[in-house]
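Next, two complexes with chain A in common: one pairs it with chain B, the other with chain C.
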Partner chain A sequence: MEPTLLSLAADVLRRPLEVVERVAEQPALLPQVLPRLVLLALVGGGVFGAVTGMYRGGPQVLYAAVKMPLLLLIPPMIVLPAARALVALDGPALSGQRLATACLVGMSRTAMLSVALTPPLWLLYRTDLSHQSALAWMLGSLALVGLPGLITVVRAMFPAGSPRGSQLALVALLGLVFAQTGWLLRPFMSMHGTGYPLLCAVDHDIFSGLQVRLLSTREAPTDWDCANPLVLGSHR
Partner chain B sequence: MSAITVSAPAPVVGAPARAALEAAGGFALLGVCAGLGAGAPYRVPSLALTALIVPLGAWVVTGLSVLVVHQFLDLDARPEDIAAALGQGFVRTGQLAASLAPVMLFMAATSDSRMAIACLLMGAVAACGLPATARQLRRAEPQSDHAGFRWLIRGWLLFTTLVGLRIGLDLVG
Partner chain C sequence: MTGVEVPELRVAWLLIWFLVGAGVALALVRGGLPWPWAALALVGWPVLFPLLRPLGGREPPVPAGPLASAITETFAALASLRASPLSAPLDCDEELVRLQASLERIDARLAVVDTILADGGPELLPLRAARARSVAECHAVLQGIRNLRVQLGLLTLAGDTAPVRTQLSALQARVAALEELDQNRGQEPLVNT
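What follows is the complex of A and B.
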C-alpha cells in the first residue's frame, strides 16, 4: 500500500529501519517514498532553520529556513561513496537505492526531531540571550537531534555484527562533513547590530571557528560571523 | 531488525592486475584531490605519489614477510590464498580511499586544515582497511585460531602501520 506523507512521517520516527527494509523489498515504492522523505527533510529543516533565524529576525528567518535543509542534505551526498566502500570492506556491496533510502530516512528523522525542539529554542531566543549562548544552544540542539539520525543511517547500512570501526568511521566522516558544511552555510543567526548576511566568503574552517568563538572567554569576536559577508538585507 | 546478514565480502571483480591498478589509482586519487582542493596544482604529483607509495610500500614489504612466516609456521592455507587475501584487502582499501576523494576535495577546498584533514583521512583508510584485511586473512586460513597465526596477524598490523608511517615521514621530509 502506498504510504501517505503522514504515515511515512510516523514510520520514520517510530520504525525507521522498517521503512528502509520495506523500500528494499519493494523497489516499486521508491518513486513514492523518496520525494516524500526529501519533503519531510525540507519542511522539518526549514522550520528549525526559521526558528534559528528568529534570534535575529528579518530576512535572517528566510535565509536560515532555506539553508538548514541544505545542511541536512548536502553532507550525506558527499559521504555516500565512502559509506558504500566502508560497508563493502566486510560485507556485500549495498545498492544505491538502499544507500539513498537509508540516508534520506536518517536525515528526515533528524529534521522532524529538530521540529520538536523549536518551542524551547524559540522561547530561549526571545530572552536576552547573548549571541555566543544562542549559537551554543543551536549547535547543542543539532547534535541532540543529529545523533538519532546518524544512528539510523549507520544501522540501516551496516549488517548486524559489522565491525564497529567501520561504523564509527562513517559516523566520524558524516560528523566532519556536517560540521564543515555548517561552517560554509553560516550564519544561521547573525549578531545584533550587523547586517543580514546570506553567506560568508570561504575562510578558515570549523575548527578555528569553534576555537575562536566557543572556547574564547571574550564576548563576540566577529570572526565567527563573517569576515566578508554576502549581505542582501540592511541593518536593523 | 536488519534483514541483511553478515557474509564474506563480494569477490573483487575483474582481473587481479586491473583491480590492483584501480586500487592504486584510488590511493593516488586521494592525493590528487588534496592538491586540487588546496588550489596547489603544482603539488598534485607529489601528493598523489605520496598517497600511493605509503600504502603500496607498506603492503609489499610486510606482505612478503607474512607469506614467509606463514609458511614457516606450517599452517594450512596455501601461499596463493594468503596472497589473494592480502591482495583483496589492498583492493578494498584502495576502493575506500577512492571513495573518500569527494570528502577530501570538499574539505581541502573549504578548510585551512588541509594537511591535517589529508592525514586524518589517510589514517582512517588505514584504520578501516588494515583490520578488514586481517579479517580476510583469518577467513583464508583454516587454522585461524592457531596462536602463531594470531600473533602473525597482530605483527602484520603493527609493522604495516609502522612501515607506512616511516615511508610517509621519509617522503614528507
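What follows is the complex of A and C.
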C-alpha cells in the first residue's frame, strides 16, 4: 500500500528501522518513500529554522528556514561514501538505496523532532535573551534532536552485532561534518544591528571559531558578523 | 583565494547544485515520478539518485517460452480449485508462487535456447538434447502439480495435510535441481566447438 505523508511521518517517529527494512525488502516503495522523506526533512527543518530566525526577525526568518533543512540534508550526503566504506569493513557492502533510505529516515526524524522543540524555543526567543545564549539554546536543541537521528542512521546501516568501533567512527564523522556544515551555513541568527547575510565566506573552522566567539569573555558583537557575506546574490 | 573570489565560488556552487538537481528531477519525471515529488531533487538530489535506476531502468519483461501457457493454465486450475469454499484451507501460497516463478525462469531460458536453435546446424545437437531433457522435466513437474488435486481432495475429505506437503516438497526439490542444473550449464559452453 502506498504510504501517505502522515503515515510515513508516524512510522519514521515510532518505528524508523522498520521503515528502512520495509523499503529494503520492497524496492518498489522507493519512489513513494524517498521523496516524502525529503519533504518531511525540508518541512521540519524549515519550521525549526524559521523559529530560530525569529530571534532576529525580518529576512532572517526566511534565510534560516532555507538553511536549516540544508544543514540536515547536506552532511549525510557528504558522509555517504565514507559510511559505505565503513560498513563494508565489517560485512557485506550496503546498496546505495539502503544508504539513502537510512540517511533520509534519520534526518527526517531529526527534522520532525525539532518541530516539537519549536514552541519552547520560540517563547524563549521572545525574552530578552543575549545572542550567545540564544545560540547556545539553539545548538543544545539541535544536539538533543540530532542524537536520535544519528542513532537511527547508524543502527540502520550496521547490522546487529557489528563492532562498536565502526559505529562510533560513523557517529563521529557525521557529527564533525554536521558541525562544520553548520559553521559554514551560519548565522542562523544574525545579531541585531548587523545585516542579513545569506551565506558567509569560509573563515576558521567550527572549533577555532567557537573558541574565539563563545569562550571569549569580552563582548565582541562584530565577531559574529559574517566576513564577506552574500546577501541574496549581491555582496554587502 | 581573495575576498572577491569567494562569493563567486559560492554562487557557482549553488548554480551547479541546482543545475544537477534540475537534471535529476527531469530524469525522475521522465521515469514516471510525479513532478511535485521530482522537484524535491533540486534540493536533495544526491539522496534521490537511487530512484533513477528503478524508475529509468525497468527490467525487461521475462520472455514467454514454449511452456508459458502450460504453466499459466496448470497453476490457474489449481488456484481455482483451492479458491472453492468447500476446499480445505492450506497455507501453501508462498510455496506455489515460488514454484511458478522458478518454472517461469526455466521457461524464459528455454526461449533463449530456442532462439539459438532456430539457426540450425549439427553443432547444436548437444544443446538440443539438453533442451529436450529440461522440457521433459518441466512437463513432469507440471504433471505433479496437476496431481496435487488428488492430495487436495484427500485433504478436503480427511483433513490430512501431510500428502500435500510431501508432494509440494518433492516438486520444489525437483524444480530447484532443474534450475541449478540450468545455471551450471550456463557456466559451461553450450556448444562444443
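Here, the second predicted complex is superposed on the first by the 228 of 236 C-alpha atoms of A that agree within 3 Å, B and C clash if a C-alpha of one lies under 4 Å from a C-alpha of the other, contacts with A are read in each partner's own complex, and residues count from 1 in each chain.
Heads up, the rule we're going with is that contacts are C-beta pairs under 8 Å (C-beta built on N, C-alpha and C of every residue); 3 or more make two chains touch, one makes a residue touch a chain.
Predicted model, so just to flag it, every value in this text is computed and none were measured.
Novice: For A:Pro76, decide between first (touching chain B), second (touching chain C), both and neither.
Specialist: second
Novice: Please indicate which partner A:Pro120 is in contact with in the superposed arrangement: first for chain B, second for chain C, both, or neither.
Specialist: A:Pro120 contacts neither chain B nor chain C.
Novice: I'd like to know which partner A:Cys103 touches here: chain B for first, chain C for second, both or neither.
Specialist: Touch status of A:Cys103: second partner only.
Novice: A:Leu86 contacts which: chain B (first), chain C (second), both, neither?
Specialist: After superposing on A, A:Leu86 lies in contact with chain B but is clear of chain C.
Novice: Looking only at chain A, is it chain B or chain C that touches more of its residues?
Specialist: The larger set of chain A residues in touch belongs to B.
Novice: Thinking of the overlay built on chain A, is A:Gly165 touched by chain B (first), by chain C (second), by both, or by neither?
Specialist: After superposition on chain A, A:Gly165 lies in contact with chain B alone.
Novice: Applying the document's definition of touch, where does A:Leu34 land relative to chain B and chain C: first, second, both, or neither?
Specialist: In the superposition, A:Leu34 contacts chain C only.
Novice: With the two complexes superposed on chain A, say which partner A:Leu173 touches: chain B (first), chain C (second), both, or neither.
Specialist: first
Novice: Do chain B and chain C land on any of the same chain A residues, and which?
Specialist: On chain A, the overlap between the chain B and chain C contacts is residues 202.
Novice: Would you pull the chain C residues touching chain A in the complex into a rising list?
Specialist: Against chain A, the touching part of chain C is residues 3, 6-7, 10-11, 32-33, 37-38, 40, 43-44, 46-51, 54-55.
Novice: Can you list the chain A residues touching chain B in their complex?
Specialist: 17-18, 21, 24-25, 78-79, 81-82, 84-86, 88-93, 155-156, 159-163, 165-166, 169, 172-173, 176-177, 180, 183-184, 202, 204-208
Novice: Sort out for me which residues of chain B touch chain A in the complex.
Specialist: Where chain B meets chain A, its residues are 1-10, 92-93, 95-96, 98-103, 106-107, 109-113, 117, 124, 127-129, 131-132, 135.
Novice: Under the touch definition given earlier, write down the residues of chain A that touch chain C in their complex.
Specialist: Residues of chain A touching chain C: 27-28, 30-31, 34-36, 38-39, 41-42, 69-70, 73, 76-77, 80, 95-97, 100-101, 103-104, 199, 201-202, 227-228, 230, 233, 235.
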